[in-house]
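The same chain A turns up in both complexes below, where it pairs with chain B and then with chain C.
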Partner chain A sequence: MSAPAPRSTVRHYVSRVAFVVVVVLVAAFFALPLTWLVTAPFDASPTLTVEWPQWTLANFRSLAENPYALRSIGNSLVLGLGTIAVVVTLGALAAYALSRVRIPGRDGLLYALLLLSSVVTGTAAMVPLFQLMVQVGLINTQTGVVLAMSGGLLPTVVFILKDFMDSIPKSYEESARLYGARPGQILRHVVVPIARPGLAFVSVWVLVQVWGNFLLPFILLRSPESQPAAVIMYTFYTESGQADLSLISAFSLVFSVPVIAIYFLVNRRYGFRFHGGIKS
Partner chain B sequence: MSTITTRGLVKEYPGGVRGVDGFDVTIEDGEFFALLGPSGCGKTTLLRSIAGLEAITEGTLHIGDRDVTNAQPGERGVAMVFQDYALFPHMDVADNIAYPLKIRKVPRTQRRQRADEVGAGLALHGLSERRPGQLSGGQQQRVALARAVATQPEVLLLDEPLSNLDARLRLEARTFLKVLQRDLKVTTVFVTHDQAEALALADRIAVMQSGRLQQLGAPHEVFQRPVNTFVASFIGSNPMNLVTTTVTQAGVRLGDGAVRLPETAAGLVAPGDEVVWGARPEYLRWSVERLDDAVEARVEVVENLGASVLLTATVGDHRLQVVVPEEDAPAAGARGWVQANARRSLLFDPRTTELIG
Partner chain C sequence: MAPALALIGLFLIFPALWTVYLGMTDYRLTGLAAADPTVVGLENYTSILGDPGFWRSLRLTLVFVLASGVLGQTLLGFSIAWALRRLSGPVKSVVETLVLAAWVVPSSVGAFLWLALLDRRAGTLNALLGTEGTAWLIEHPMAGIVVFNIWVGTAFSMLLFSSALNGVPPSQMESARMAGATAWQQLRDVVLPNIRAHILTNTLLITLWTFNTFTPYLLTAGGPNDESAILPVYIYRTAIPGGQLGMGAAISLIMLLINLVIALASMRVGRERRRRS
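Right after this comes the complex of A and B.
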């Protein structure tokens, strides 16, 4: 074997170094805010820079004393779980039907819905949506927010779940039918359990979407008692009108915990994997 | 335990394609019945129509004395084993076997007991806690069979029961199926594209092509006396030799010589008639020395089949395949004589492709 030409060796090292530098920069870009999220809440005087904190739990104490902070986490959970219930139930039924029944123009319909779904919860729709909610008397109710969020998320969920349902062999259902199972029983005994990883994935995805949504609850919910965490965080100012970083940093950490917890819970309970059947 | 009777059964798909086109058959009580044909011949469609998974377009279907043409699948008393077995991946073996009983609202303890009973009969000891994904192909098939027979159905339907198993296991499972069916005495219909499987397992075989019944008969009938050239070429591990030729005074012309007229065709053809002469490679005799009523041939290809050898030889412009015992195998290029068994050869009409005799 002959040694590689010196020029190509140099080029090799330069490209390695450049690669490592880029990777480190990208990693730092994502790691810095996360580091801030972990350190700032425990700092006696948090700033917007990452630094070694002067350890204290005072920020959490003042957070607990805030009348709206913890309640808003509860509100976020109500909105998230409510939307999951609506979206997963309706989405699973719609996806199953669309996967199994032949309708002319089915795929066109799905793509059209997917395209239009961003309009429902989009900024441009906020004024008509607000007026609609006032008209039907759902303004300033969590039901209204859940319905609006569901409307925005359902097309995507139907799209994802339909793909998932398509991958479930029909012979499972036909087999159950032959033993006399009615459609409801087939759905409960066979389709839902087999589609469970897909349903679990969609639930977590919906929760994340609702949890982080600011605009919709900000516009539709007027009283601070019913506003979710993402909106309440917006109200944390000091008397002098500056962002109250000690409250915001502590709240940010509390804010992110439930989502992470639910991810692990769902992952352990249902698992993001496919059952080991014969999958043709 | 029941007979299955179809009268003029038609399954037409939207667009006018007929999967099954006018099917008349009576499958006897306790019979092991094969639907055999190439892919797309409508055999699976017919099976699914019997199961109720496909709506019947025309004609009637009776199971026992009941007209079940429009009955729901669950009301027909049929059980089916799917080609992919369709075992529920989220249930263990016992729950899978007991699922039909769950639908019938049998209490849980009784269900487990029945599942264990049926499982034990199908060599599934100690597997009742496993998930289908943890079983071998043969075990999965037995679980699917156990689930199908757990409710003692009147009719058992099997869709390509052996196709998902590897070659060695397939032979084992074939014998197992035959014994199981004999013990249960349940009317069984199975679909296969493998003629050897059909010959080995079935009491009677229906050979299908393009949605139509070609021939219905016991394995030996279908093998010995195919009603047309399609059945003749489809049945048999080595396809039947089919030669388009003419009848002469001496017999049937083959190359420069002639073989004896098939016995069953005597008196049905006259010299000068154009015919298709058919003889199975197993029923042709190869000899190095000249024989009576034999034609001279030259060996082109020699294929070893283990205990025997398959020769491809040319006689004039025709190619004949001959199965020869291993010890008599000639080499490629050798010359010899092919003699036909007059009792085991047939004549077909070249225009209608139907059997003359």
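Right after this comes the complex of A and C.
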């Protein structure tokens, strides 16, 4: 009985060490590219190599002076907020209607829409979307990008919001109606306040989707004045002969921080819920 | 409801149908065929199917989806979830945060981080490995985008599997341990049968997303010599810089059909799971 015991402790020990090594390697794999994002923006003379920075905030000053950089962050905001406005308004109305009206085949309709939105992705539909925008004269306009994104995101949003709407007791609306409230008033004063967490969640989700989206603004917007940060970032490192690393590093950080912050805040508050959706 | 449906109709259903029509024309971005496209029937399809470039792109896509999505993300995501399942505290949250951060960072930033890491002259990877002057993305473009996509997407599988592992009844694990099962046997006989549905869902979703991702374009732009031109990149280059909208639409339709098959399969799995639970 004495022989197996030491062997199994040795084996146990070896497997612990192997475990730790593997965890460290995996962590390094994910951390290595990200390190540059944390060090280079604060380095007085950033290179592509990760190194301990000579601390400075000068890179952010040169970022603030670059007209394209600032405007592109503004454009990302315009696209994000515009899409939120369209998607949340239309999505809430549609979800409310679907939740309250009994029509045959309602669930089928919802599933068909969801199926459609995962089949007709921005990538698979880039050619017809591009051609459609050229035809209706929305090419090179932010309206065009907002509408195209909204179309893609709406089915998922309706699906999520319908769940929230289903959980609102009908009796609230009925008593409001008894007091003579018109449908618009019921929606504004009864339904929207109760559904607010759902609306907030959907807004955040839409913002994250739009903020990082590259393909649609890349093909639909041609002038640098209207392009969002995702596209300008790409322009910065591909089109300028000698990449300006102090600009790129500061810009990447400023562009990434909002979504990272939102993500971890929401994750902490609601737990992980960002399943599904368009991640292209 | 009507406005929402109208918007969905205009930007989802219409593009899908329009693809069918466009794919049968010789539509071009500029020139005579731009002003007055003619219907050429199935000509686009015969020329695509006879084009070795298309078949190569399809083969590269298959490799990309299998290696980075089905194998890479799923296995790595599961392994991380499995390794971290009984840990708590700083180690777990550091690893999870790193994996999630890679997922959340906007794709054009993530791509640049990898360009910096893999740079020929000043890249950190060459400095670490002592492989001065290796141009990773030119010598191994496919491996480059596969590893990049694993880095980006593993978070989803990790999260999905860690919630799935939480759902495995502890009593079953306990009795397997009591019966003297090794970790591997526990994994095979207790865990995998319990999370089979999750594995299927995860695989289908990852396949769909990996198949549709355009992000590798930011890393290699399909090059060098089309060696990493997966289908989305191939469509983009044919239709928009190349100007052959009709041809691009025809390839898009093939892509839409593949998407439809994957999505139908994943919905069917989802419905069966709901019916059983």
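Operating definition for what follows: the second predicted complex is superposed on the first by the 198 of 280 C-alpha atoms of A that agree within 3 Å, B and C clash if a C-alpha of one lies under 4 Å from a C-alpha of the other, contacts with A are read in each partner's own complex, and residues count from 1 in each chain.
In this section, contacts are C-beta pairs under 8 Å (C-beta built on N, C-alpha and C of every residue); 3 or more make two chains touch, one makes a residue touch a chain.
Worth saying up front: this structure is predicted, and the values here are computed from it rather than measured.
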item	value
First (chain B), second (chain C), both or neither touched by A:Leu25	neither
Partner chain in contact with A:Val86 - chain B first, chain C second, else both or neither	second
First, second, both or neither for A:Tyr234, with chain B first and chain C second	second
Contacts of A:Ala181 with chain B and chain C, given as first, second, both or neither	first
Partner, of chain C and chain B, that touches more residues belonging to chain A	C
Partner chain(s) touched by A:Val259 [first = chain B, second = chain C, both, neither]	second
Common interface residues of chain A - those touching chain B in one complex and chain C in the other	275-276, 280
In the complex with chain A, residue positions of chain C that touch it	1, 3-5, 7-8, 10-16, 18-19, 22, 27, 76, 79-80, 83, 91, 94-95, 97-102, 104-117, 119, 121-125, 127, 151, 153-154, 159-160, 163, 205, 208-209, 212-215, 218, 232, 235-236, 239-240, 245, 248-249, 252, 255-256, 259-260, 263-264, 266-267
Complex contact set, residues of chain A against chain C	19, 22-23, 26-27, 29-37, 40, 47-50, 86, 90-91, 93-94, 97-98, 111, 113-132, 147-148, 150-152, 154-155, 158, 208, 211-212, 214-215, 219, 229-231, 233-234, 237, 248, 252, 255-256, 259-260, 263-264, 267, 272, 275-276, 279-280
Of chain A, residues touching chain B in the complex	169, 171-172, 174-181, 185, 189-190, 193-194, 196, 275-278, 280
In the complex with chain A, residue positions of chain B that touch it	51-53, 72-75, 78-80, 82-90, 99-100, 102-104, 131-134, 140, 151, 164
